[in-house]
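By letter and in written order, the chains are A, B and C; residue numbering begins at 1 in each of them.
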Amino acid sequence: MPLKSLLREPLLHFLAIGAALFLYFHFSGGGSAGPGSTRIAIGAGQVAHLEAGFTRTWSRPPTEVELKGLIDEWVREEIAVREAMSAGLDRDDTVIRRRLRQKFEFLVEDAAEAIPPTDDELKAWFALHADEYRIEPRLALRQVFVSRDRRGAAAEADAAAILKRLAAAGPEAGTDILGDATMLPADLELAPRRDIDRTFGTGFAKQLDAIEPGTWSGPIRSGYGLHLVLVRERVEGGLPAFEAVRPIALREVVAERRKRQLAALYDGLLRKYTVVLERPAAPSVPASGAAPGKGGS
Amino acid sequence: MKRRKLATRALPTVLLLATLLASAPAVHACGLENPSSVNVGLLNLAYPNALHVRTAIWIAQRDGVLAPFDAAAMVEPQSPDFLLRQMSLLRGIQGQFAALKAGMDASGAREVPAFSVVLLGVVLWTRFEAGDTGLNMTVHAPGPGGDDVVVVTDAPVIAALADGRLTPAEARRRGLMRTYGTVQGVQGVERFLDGVASVKSAAAERFVATMTDRIRTD
Amino acid sequence: MNKRRFLTMSIAAGLLLPAFGAHAQDAGAPDKAKLEKAFPAKPNFSPYAGRNFPTMPLFGDTHLHTGFSMDAGAFGARLTPRDAYKFARGEEITSNSGQPVKLSRPLDFLVVADHSDGMGFFPLLMSGDPTLLATPQGRQWYDLIRGGKGGEAALDIIRSFGQQKLPTGFPLPGTPAYRNAWGETIKAAEAYNEPGRFTAFIGFEWTSNTGGNNLHRNVIFRGNGTQAALVEPYTTLPPFGSDNPVDLWKYMAATQDKTGTEVLAIAHNGNMSNGRMFPMVEAFGKKIDREYAQNRARWEPLYEMTQTKGTGEAHPFLSPNDEFADFELWDKGNLDGSVPKTRDMLEFEYARSALKIGLRLEDVLGVNPYKFGMIGSSDAHTGLAAMEEDNFFGKTAPQEPSPERMTKVFFADPKTGVKVMDWEVGASGYAAVWATENTREAIFDAMKRRETYATTGPRMAVRFFGGWDFAAADASNRMPAAVGYAKGVPMGGDLAKAPNGKAPTFLVAALKDAIGANLDRIQVVKGWVDKDGRTQEKVYDVVWSGNRKPGADGKLPPVGNTVDVANATWTNTIGAPELITVWKDPQFDPKQRAFYYARVIEIPTPRWTAYDAKRFGVKPLPETRMVLQERAYTAPIWYTP
């Protein structure tokens, strides 16, 4: 579809920003035509921008009627702004100024989203940030539960005895008749720390760090009681596959792009302005000459 | 028979009530009828993060920078002695503002942009405008003036400022006062407030100055 | 492999393994190959591999508001849907009142369900939207709010909304403003939905509230943003919307057709409907008929029965013999306090009563309209699903932690005298779902089949199975879930036509929250229709901690209380970490319809008010509750003769 590939053109992207900025500066206060001007020009870039927005929301381009509606809405807004400004509604109204700034920045941000980042961009981001999304190490474990609630004071000694039997039986020991029945799983497939903690309680996974895979160890304590644990497998963490991180990369690259474009825009614009900081007259000093702020008591 | 007649007589009223009830707005949630929470809530939207002042206050109360929180001092609109307590609270605040004004006058208030102080709890506006002899203070202002810088704070902070236990600079630093407005206006007001000595020391200096004058003339 | 064979194998394995175990010390480890040869049908050594039943409950909130909701914004919420999802996933964010906040553990799923009426209005207005501010009405509201008269503005906005005299630019369905708000809601869910790790559902709240009587429902989409974007949320005022649930169901049917995905609705706060939540005879001028029942059952498979505005399972007036019925009640009136409560309303407001009415209506209409599973959720208007007692961030932005919330009034209607204090708001609840995996589809499907339970905050794991053949030994089984699914149906399921002479048996188990308090007891609540066509109910204590014995009055003694209110602490020296049992209905009549659900009760723990009193040093008001026994309620299992 020609429109779609047109929207992908970076040149159009910049044209859109340029056109919008031109319109903004041409029709806003800033010494030029100003609010008094009754001419509203809508460029191709602006129309494309409206279409892109609609398509994003509704997953299809607007019909003739709908596009006319969008343009009408845009014209209304432009009129409202100019009228409001000539009525002086924007003068020194922080919130209106903030809103104008917001609008200004939205143009840049919208453009940043309109064209999705390329795979290369995403991969470059991934190369820089992969460490933050490092896959946690995972553990597969078996456990035998010894209930303090059911055994009371004997629990510790019982756990030690069971541990001996388990150690002797080895990693494949049958556990069905050892320890106490529980809803807690006797076997956990490879799971990251957070899943282990959600099942056995915060801090349980940490205690397993010290355990050698392949040998029954313990007792490890949880909020439920005592556990004799066999770490069947420990899979070191690693970098995730790019495809797994792609949606996050997309989200972050678009956000970064927004920020960068905004910063670049302001840098460019700043060169256009002269900024002067006016210092107020020095406050009058009390006759006694005592420095303010020195408390007497 | 009699019952029937009553029913027919009541019918128009019932119908009227029913229509009134039926047209009652659908966008309610409980508590929306409590205007004071909504006043504060919407202030948080008009002056973003104004609500952070409330948190800063209880932290300061916990840390001893402000007098400890006093539940008994809370004035609920539903309590029977609301009006009396509200009036006495407002009187107290007025006095505190007067003390504050004196302190601010002593610091020279000729160029400060006009600003309005709003107290979160009671949503009370007090307006300050630079005049020839110092600040002109309007209590119970209906709202912020059109171009005013808005300073958001609350009664415990004003009390501490009036007592001289706290300076405006310190209050700002701890988030007990937040300023809103144009960049120039905010800078102007903040610079001014930061320069205001604690009320106590300002009063003390005025006393010393008066004494010094008296000594000189004796 | 069919269930019976598996069972035989398991029992055989259970019987034979001791032999292995006994030899193990002499003969070394049993040879895996030998084992597999002996029991060729046993598929894996790992019992959970290859299972297709859910093995871990997922916890979430189906009812959260952000600043996009008009009332949340009015109270000062500035957090957005994105903030809400970030927080629910376990990130630390800054609350509306400037305090850092983080959950003890991430939630597994979240629905941001902002009110469909006026979605996104206050952020739009207060950011200086030129269209709104160009209108005199919009400008007036804006100025009032900036002048600290937001309350007046809000009342005028509500009035204008009711009279449908709204300014151009107000977000109404079909306007660009509304599209943007809904679009942003969808985008936020899409951005934070991570299948397998965290599910972000798309949804909204339909806020039917005529006369102040609460008939609200949360609507949840099963599908993705592209599908949800094909429709707009349903509102409550004509012509776009309606306050009648029947019309909501029509919208839901049309939505399914249009989007190609499924939706469901979850009602809440019957306790503030003043008798209208579970009607028995008529609703909105129409008789409750078979069509109503079919639609209600089809579109509303769940009911949110515990949240910040009270818990609505049972009421002491309706269940005078249930010593646990008086729990976090909000029974003073309707939603805005404009009409006080009268006793005749209660029957049509509480879940247990509704389930009973449903049985009776099934007799009459042939369909049970009130056949729902139970969940809890927050209804927080802060963007923060923070419902733990020691980490409670209130229902509205002004109720975020501060010394004031111990003594402040939440709302009061001076005319009727209905008054609710901030301390009465409950730190409740969450929805627990037995889904096969953490994805939109799996969780939604679990909700549709009602395999859910409600909790008032803690994350206990609760199992409830019903069948004809559970035996006491099943309670000692190492894999109770496997037995449960093999021999019966899980919570939310159905039993029918009792085999000759048999009574239903239930396998029920609960495991305490891994970082929480021990359990006091598990109860089974039975409701049925007796031979005279009247509904009955009975609460059975089926398993409990310690060696307590029921007294002469049949009541089990309380478990005790280790709570030190002043220090807001408790100890797990009473209660049990885990309870499991098989229970058989001792008074079963195969000709009578019935339902059974499990209620799990923890030992007493400090309420959020106790944590506040300790942290802020504020003295609570005399009537403030400082201790509570948290609980979970499973979806029922229904019996049909």
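Basically, contacts are C-beta pairs under 8 Å (C-beta built on N, C-alpha and C of every residue); 3 or more make two chains touch, one makes a residue touch a chain.
Here the structure is a predicted model, which is why all the values come from computation and not from measurement.
*Asks:* So which chain is farthest from chain A, going by the mean of the CA atoms in each chain?
*Replies:* Ranked by distance of C-alpha centres from chain A, the top chain is B.
*Asks:* Of every pair of chains, which is linked by the largest number of C-beta contacts?
*Replies:* That would be the chain pair B-C.
*Asks:* When you take the mean of every protein CA atom shown, which chain's own CA mean is nearest to it?
*Replies:* C
*Asks:* In angstrom, rounded to a whole number, how far apart do the mean CA points of chain A and chain B lie?
*Replies:* The computed centroid separation for chain A versus chain B comes out at 37 Å.
*Asks:* Roughly how far is chain B from chain C, centre to centre by C-alpha average, rounded to an integer in Å?
*Replies:* About 40 Å separates the centre of chain B from that of chain C.
*Asks:* Quick one: chain A and chain C, Cα centre-to-centre, how many Å?
*Replies:* Distance between chain centres: 28 Å.
*Asks:* I need the residues of chain A touching at least two other chains; which ones are they?
*Replies:* In chain A, the residues touching two or more other chains are 95.
*Asks:* For chain B, which residues are shared contacts with two or more other chains?
*Replies:* 46
*Asks:* Where does chain C touch two or more other chains at once, residue-wise?
*Replies:* If we look for residues of chain C contacting two or more partner chains, we find 126, 146.
*Asks:* Which residues, counting only chain C, touch chain A once they are in their complex?
*Replies:* 13-14, 17-18, 20-21, 24-25, 28-30, 32, 35, 45-49, 55-56, 104-106, 126-131, 133-134, 146, 176, 179, 183, 191, 194, 226, 229-230, 461, 463, 475-481, 509-512, 514-516, 545, 572, 576-578, 580
*Asks:* Inside the complex, what are the residues of chain B that reach chain C?
*Replies:* Per the stated touch rule, the residues are 21-49, 51-52, 54-56, 58, 61-62, 68-69, 71, 74, 76-78, 118, 123, 125, 142-144, 175.
*Asks:* Would you mind writing out the residues of chain C in touch with chain B in their complex?
*Replies:* Interface residues on chain C, with respect to chain B: 67, 70-71, 73-78, 96-99, 115, 117-118, 122-123, 126, 143, 145-155, 157-159, 161-163, 207-212, 235-237, 243, 272, 309, 335-337, 381, 396-398, 400, 402-404, 406-414, 419-420, 616-619.
*Asks:* List the residues on chain A that touch chain C in their complex, please.
*Replies:* Contacts found on chain A: 57-59, 73, 76-77, 80-81, 83-84, 89, 93, 95-96, 98-100, 102, 147, 149, 165, 168-174, 176-178, 181-189, 194, 197-202, 204, 222-225, 247, 251.
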